[in-house]
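So that you can tell them apart, the chains are marked A, B, C, D, E and F in the order they are listed, and the count of residues begins at 1 in each.
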Amino acid sequence: MPLLKLGIPKGSLEEATIELFAQAGWNITAHARNYYPDIDDPDIRCALIRAQEMAPYVERGALDLGLTGLDWILESQAEVEPICTLTYSKASNRPSRWVLVVPQDSPIQRVEDLAGKKIATELVGFTKRYLAERGIEAVVEFSWGATEAKVVEGLVDAVVEITETGSTIRAHGLRIVEDLLITETRLIANPQAMQDPARRAKIEQIALMLQAALRARHKVALKCNVPAECLDAVVGLLPSLHAPTVSHLYDRQWLALETIVDAASVRDLVPKLSAAGAQGILEYRLNKMV
Amino acid sequence: MPLLKLGIPKGSLEEATIELFAQAGWNITAHARNYYPDIDDPDIRCALIRAQEMAPYVERGALDLGLTGLDWILESQAEVEPICTLTYSKASNRPSRWVLVVPQDSPIQRVEDLAGKKIATELVGFTKRYLAERGIEAVVEFSWGATEAKVVEGLVDAVVEITETGSTIRAHGLRIVEDLLITETRLIANPQAMQDPARRAKIEQIALMLQAALRARHKVALKCNVPAECLDAVVGLLPSLHAPTVSHLYDRQWLALETIVDAASVRDLVPKLSAAGAQGILEYRLNKMV
Amino acid sequence: MPLLKLGIPKGSLEEATIELFAQAGWNITAHARNYYPDIDDPDIRCALIRAQEMAPYVERGALDLGLTGLDWILESQAEVEPICTLTYSKASNRPSRWVLVVPQDSPIQRVEDLAGKKIATELVGFTKRYLAERGIEAVVEFSWGATEAKVVEGLVDAVVEITETGSTIRAHGLRIVEDLLITETRLIANPQAMQDPARRAKIEQIALMLQAALRARHKVALKCNVPAECLDAVVGLLPSLHAPTVSHLYDRQWLALETIVDAASVRDLVPKLSAAGAQGILEYRLNKMV
Amino acid sequence: MPLLKLGIPKGSLEEATIELFAQAGWNITAHARNYYPDIDDPDIRCALIRAQEMAPYVERGALDLGLTGLDWILESQAEVEPICTLTYSKASNRPSRWVLVVPQDSPIQRVEDLAGKKIATELVGFTKRYLAERGIEAVVEFSWGATEAKVVEGLVDAVVEITETGSTIRAHGLRIVEDLLITETRLIANPQAMQDPARRAKIEQIALMLQAALRARHKVALKCNVPAECLDAVVGLLPSLHAPTVSHLYDRQWLALETIVDAASVRDLVPKLSAAGAQGILEYRLNKMV
Amino acid sequence: MPLLKLGIPKGSLEEATIELFAQAGWNITAHARNYYPDIDDPDIRCALIRAQEMAPYVERGALDLGLTGLDWILESQAEVEPICTLTYSKASNRPSRWVLVVPQDSPIQRVEDLAGKKIATELVGFTKRYLAERGIEAVVEFSWGATEAKVVEGLVDAVVEITETGSTIRAHGLRIVEDLLITETRLIANPQAMQDPARRAKIEQIALMLQAALRARHKVALKCNVPAECLDAVVGLLPSLHAPTVSHLYDRQWLALETIVDAASVRDLVPKLSAAGAQGILEYRLNKMV
Amino acid sequence: MPLLKLGIPKGSLEEATIELFAQAGWNITAHARNYYPDIDDPDIRCALIRAQEMAPYVERGALDLGLTGLDWILESQAEVEPICTLTYSKASNRPSRWVLVVPQDSPIQRVEDLAGKKIATELVGFTKRYLAERGIEAVVEFSWGATEAKVVEGLVDAVVEITETGSTIRAHGLRIVEDLLITETRLIANPQAMQDPARRAKIEQIALMLQAALRARHKVALKCNVPAECLDAVVGLLPSLHAPTVSHLYDRQWLALETIVDAASVRDLVPKLSAAGAQGILEYRLNKMV
């Protein structure tokens, strides 16, 4: 019997989650013929569960640990322990948000204008509470998908839908009234599991390594050779918290520098380093960073 | 403003439905950029709606007419007028049925054994009423899909799932306890629409032509030439309700016969016709049959 | 040496053209390894040629016969003999048209407003002549494709582009100012080839059979059984140029009718025939109709 | 226990065979999860078997009936009863043939030049016997596929390979020395099964219907209307063994003709019929023809 | 004339082999139009050969060097010189094994129970010798593939088939009696080629680099910064054969450590290093390791 | 308003260009719904433009900077400022060249033999000037693609076509007479943009980083541990412009070396390093190298 039951979100996040675990050090293999993905750690047993259903299963202990969105945690109102936020997704770097959408020419301009209207959404519970908290009475219906179509076709007055850039929404002649919720992926644990030292240690190991893998995606190692007289100028350009690693080249006139920087800063940093006298500037990718 | 709002089931039945309408005489074109499929009949406006949501939209008159499964009509308890049953689907000729599924080694042998158990299903309302009618108390939870997996993984005690042959269920080491509902596709109309003579006539035209298209898939025209002296023997083999069409060949010694038979009977009928003296036996496909 | 050199349009029309020839009675097989498609007629040799280049090759006699669009015939100003128009294409039944396109907020409201502007198009020659005939002076540049993008990106003031429904154009925030040319597929021949009796006969055979195949796509055969007393009423509903074929059923009380009607009319005709007493109404598809 | 065990050739012929049976009246469904394809005839049980292995299994009675190539029947030297030849395949209408292939510049000009050479082929037994019958001594090795490559790479002196047009062979700079065997698909039965009246009747039914389906692919029904005075001229053009079906139109001045002709002859026949006075010429496809 | 003829296994291992050579430093490009893959080393000429046929071609010197499975080396009984074992494959990390498979309810419980039975396998020679060595007499038939199906369909009593996990075998209701052979990929050379110093050197270079590439897939470089006082504790956790590389940071209070560890150990090692005082722990991927 | 308008070549180079920018530090995302690819640099706005049209748009300032081939720069005769050559492409490492192609048996042996002939090409302007410079009079026609086919089919006497290896040309039975132009990808800028310090700096930053990314594809970092006594021998084998980085291992008997070498040289260098006493040889990939 494995120590820990881990829920992997089935569907749109599945492939990206399996890739993230692979980078973090666990190989998960999904099979066509059964529902348990294999994982190369005898302490863990995986299950593929839809993001919508993850939090309740973690709450009741059917799973010890799972990854799902903040939206579905709030929708379910499940009592789970948040471990950390994990920002990964293939398509874009913008956060996903649930927005209130109406036709371009709708009279609805603010969420208050929903009073007495009919709204379709997959996120029924959250939407109802959101409106109730603001004292707005409206009919909120569950939508099985293709939610946008319902407002295009006039079947409802508004929909609450998830989007990143809003471009599909605008392309259908619809208008975003306002954001209701910005969501993100969370690692959540069952509170009892966190009381158990063995399971807690395993959960913390997984959290540490997943974060190390994600961090490594946004950082690179930069190395360069610097003549001794330029060292201070070059080091001055570097943002490292700690000092960079400095070694001496076989030719004693030159020093070798090594440091970690944000990947996104390199395109601006390299011309400056070069101007300051650095040579042989090299960038390496990282696989993990703690 | 078109006379009739028609709901086409989005998803697994979508392509087969569009093909059926094409055969019946209406060309429907789904576009990537908007949600209204085009239809070449100015009296009709189409909308793509999930089968699960069709009946409520027909009930409240957002749609006049729609195609959906009996299962989702019952699930929604919508008050709609059944027009006709339409049996079409790509994969198989067996009916779809919702079955109660448990692990191979579960103690649950009858539906009554569900008392006090946890059940996951997409068909929550129907399942709850089904159990209530039999006086069984159990927890029925909504499942967002991959329902079978939940019983494999031990997250619930049983699931209610749709299947045709049951082979996937058995392949996962699960057992079907019993059938809860045999479902089929239905054409349903809004009761008020049926009171309006113009819309009722349009609905009846659509029903007539869809049934004509479906009937033609199971029938073929059979023709043969028969020497005059064999005519009675050959005609005696034919199952036609009405007499077959008989014409004289240019060569007066021979008669030409034409009749409609079940496509499935041809492989047995042809050897008998041939033995009874028929020659030049031809089979033609039909496109519509009223 | 085959009698006739035939040009098949390479690219978007290629597959539909090969299907049309197959229905008409000629099997054309395109090979990956060489450029001559095979055709099962020793009198014909095929070549795959882009629609844009077809007319010049037919004009100079490198091909005797070819299929291409009216747009490219006009663009090339080639002197070729039009044989017939052939309306076929996979996507839609609407004609293709070359339209003048500008940004939504462009001051250009009429073609006359192009004076002094920069226009990109694949149809340079036609566009230049079109403007010259109206006394408009403008710069017309050849575009290698992705023409719409140029006006979106502000690289030119307007583009002349082909479209069916205009929906892609509108989806990019562009506006159609006016139609410049409605185009269609034409069978064209080399004038000298039409002087040669053997080649002329072959060309006429091909034209006859291609038209027979296309006509059969829009017609169906309708049969029904009619009690003798209803015959006149039923026949009165039928639009056949000639009288329908009437035969007697083996049971002499009934007559069998057979006629050809527009496929598009069947959905309206069948309910009327049924109301007039026709039974056993059958629809058959046709493969050729002369 | 079904009456008859039927072997369907797995692999390149599989899809075409299943289509042929469907047209003949039997629906075969191959499943991913098991090896028995379903067939909608309780008298038959299907198995998918490679063409190479079919004849031995039919010989020993593991199967009663099977479809395979003449090449593999000869290779196995199995004693089976040939029922009929069935010519069907997707790609081409040319027969497949096993040919002796050498490099373009090989000194081998005739099969006799193989003496002392090394030959690779999948058809080892047949090739050895072919050479032995001609008194040629050579080494014949089994090749697991990609046979042509072996002679290109100089691993052997010659290969015996199957081809239709020889174009791939020539494209690799190889030369066909001569044809060793022209092959075709055969329906073969176990001799004992043919002694059993019930199985023999079933086998004959299958053979009759498969042949009826294949014949219908090469024939079409042609109908036309003819003024009475042109009837003899039109009938004189028709190749029907029996007289065509003649019926009178409602308008008694015209006759309706119906006959069956080779599909390939229609493109030549239609212009002649039209010239002889026929009107309303229609072509219909057939589904079966006995 | 290249120095060395190298056989690349065609088929399931082909892509993985080409990737391995690319990582090792040789770019191999397979072309659709000919059989010789290009390689960017003038000393080598490649040929694509099926794994089944590799060993005989290496034995007779048609190839100097090749990659194939131990199973096919044993099957062919070719006398070749084993250079090294190379463990790579896409799907899984478990070894492939040839197993004796029977129906679930077969009386066969041990290999000895095969006496007098019929067995189908692709590995005929090996299986015959395996049985002969144990004094078991049985009929072993060559199977052209889909071997499992033969025991499902009752055409034979048992099959000898290759598998990794056995899950497909169990999914078909079959049972593994025992393992006959565990196989793996080997680099093999022609013994005469190994006598030739030039070719031997080339073979050793290839073996060295292929092994360096494979080793790098299972190792990573780990770097961290350590306060001087924690150095011994941190170094004590590291498994390096040799001592880790230690450098001084620009800030002299810290040391930089670098070492190579098993990739699979990192998820356990990192939390310990962190606890022991290491900071800025980084993991890098390797491309080659000697 | 962004500082710089950048043209990305649409079509065959598009994906490789976007990958190169990603490696260099700019993420470009192409959208289906609009024509402006997003780029994560507020100073840049991207446009997708065909390579053929890039230079004229850069010349007239519609774009400040673009990537395109030397061939299309020459074809357009646009006055643009060449910044650097960028050698990247997916398929091969050989340069692309425009060649004069004729049928195998054509009398044309030299470019001079084109006098009075008809030539088809996409590169009309360049070809005309090329011939004019040599005093050759010939008809040069624009070809819309499938240019090779025209000489195969005898529609023209020769074509000027682009190729890498010439293998497709030879496979069609054609002959290359001579090379007319060797082409490569260039980064080109608008001359006015280069006068503007802000845009010039941005252009130089982009050029620097694109070159750093390309250089890193052909180089690797090599590390090894060397006993002190072998250091000179090992260092003597290394081709580094500057001295390698040398550090001391924790175990003071060993030194750690690190250097950058050509990736292509590693397969030869590693055996020599190993022989010279180096151990723990590691190869790392680089992401950028200045």
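Throughout what follows, a contact is a pair of C-beta atoms (placed from the backbone, for glycine too) under 8 Å apart; a residue touches a chain by one contact, two chains touch by 3 or more.
This one's a predicted model, so the numbers in the text were calculated from it and none came from an experiment.
The set of chains touching chain C and also touching chain E is given as D, F.
In terms of residue-numbered contacts, B-D and E-F present the same interface, as over half of their contact pairs agree; the other options in D-E, E-F or C-F do not.
Pairs C-F and C-D differ in how many C-beta pairs touch across them, and the larger number is found at C-D.
Homomeric contact chain E/chain F: same residue numbering on both sides for under half of the interface positions.
Averaging C-alpha coordinates per chain places the centre of chain A 36 Å away from that of chain E. One simple way to say how far apart two chains are is to compare their mean CA positions; for chain A and chain B this gives 43 Å. Remark: chain B and chain F have CA centroids separated by 58 Å (rounded to whole angstrom). Rounded to whole angstrom, the centroid-to-centroid distance between chain A and chain C, based on C-alpha atoms, equals 52 Å. Each of the following residues of chain A touches two or more other chains: 33, 171, 247, 284-285. If you check each pair of chains against the touch rule, the ones that pass are A-B, A-E, A-F, B-C, B-D, C-D, C-F, D-E, E-F. Within the complex, the chain C residues that touch chain B are 92, 167-168, 171, 220, 225, 247-251, 254, 256, 263-264, 266-268, 270-271, 274, 279-285. Considering their complex, residues 24-26, 29, 31, 33-34, 40, 204-205, 208-209, 212, 216, 221, 235, 242-247, 258, 260, 284-290 of chain F touch chain A. Remark: chain B residues 10, 33-36, 47-50, 52-53, 57, 62, 143-146, 148-149, 152-155, 171-172 touch chain A in the complex.
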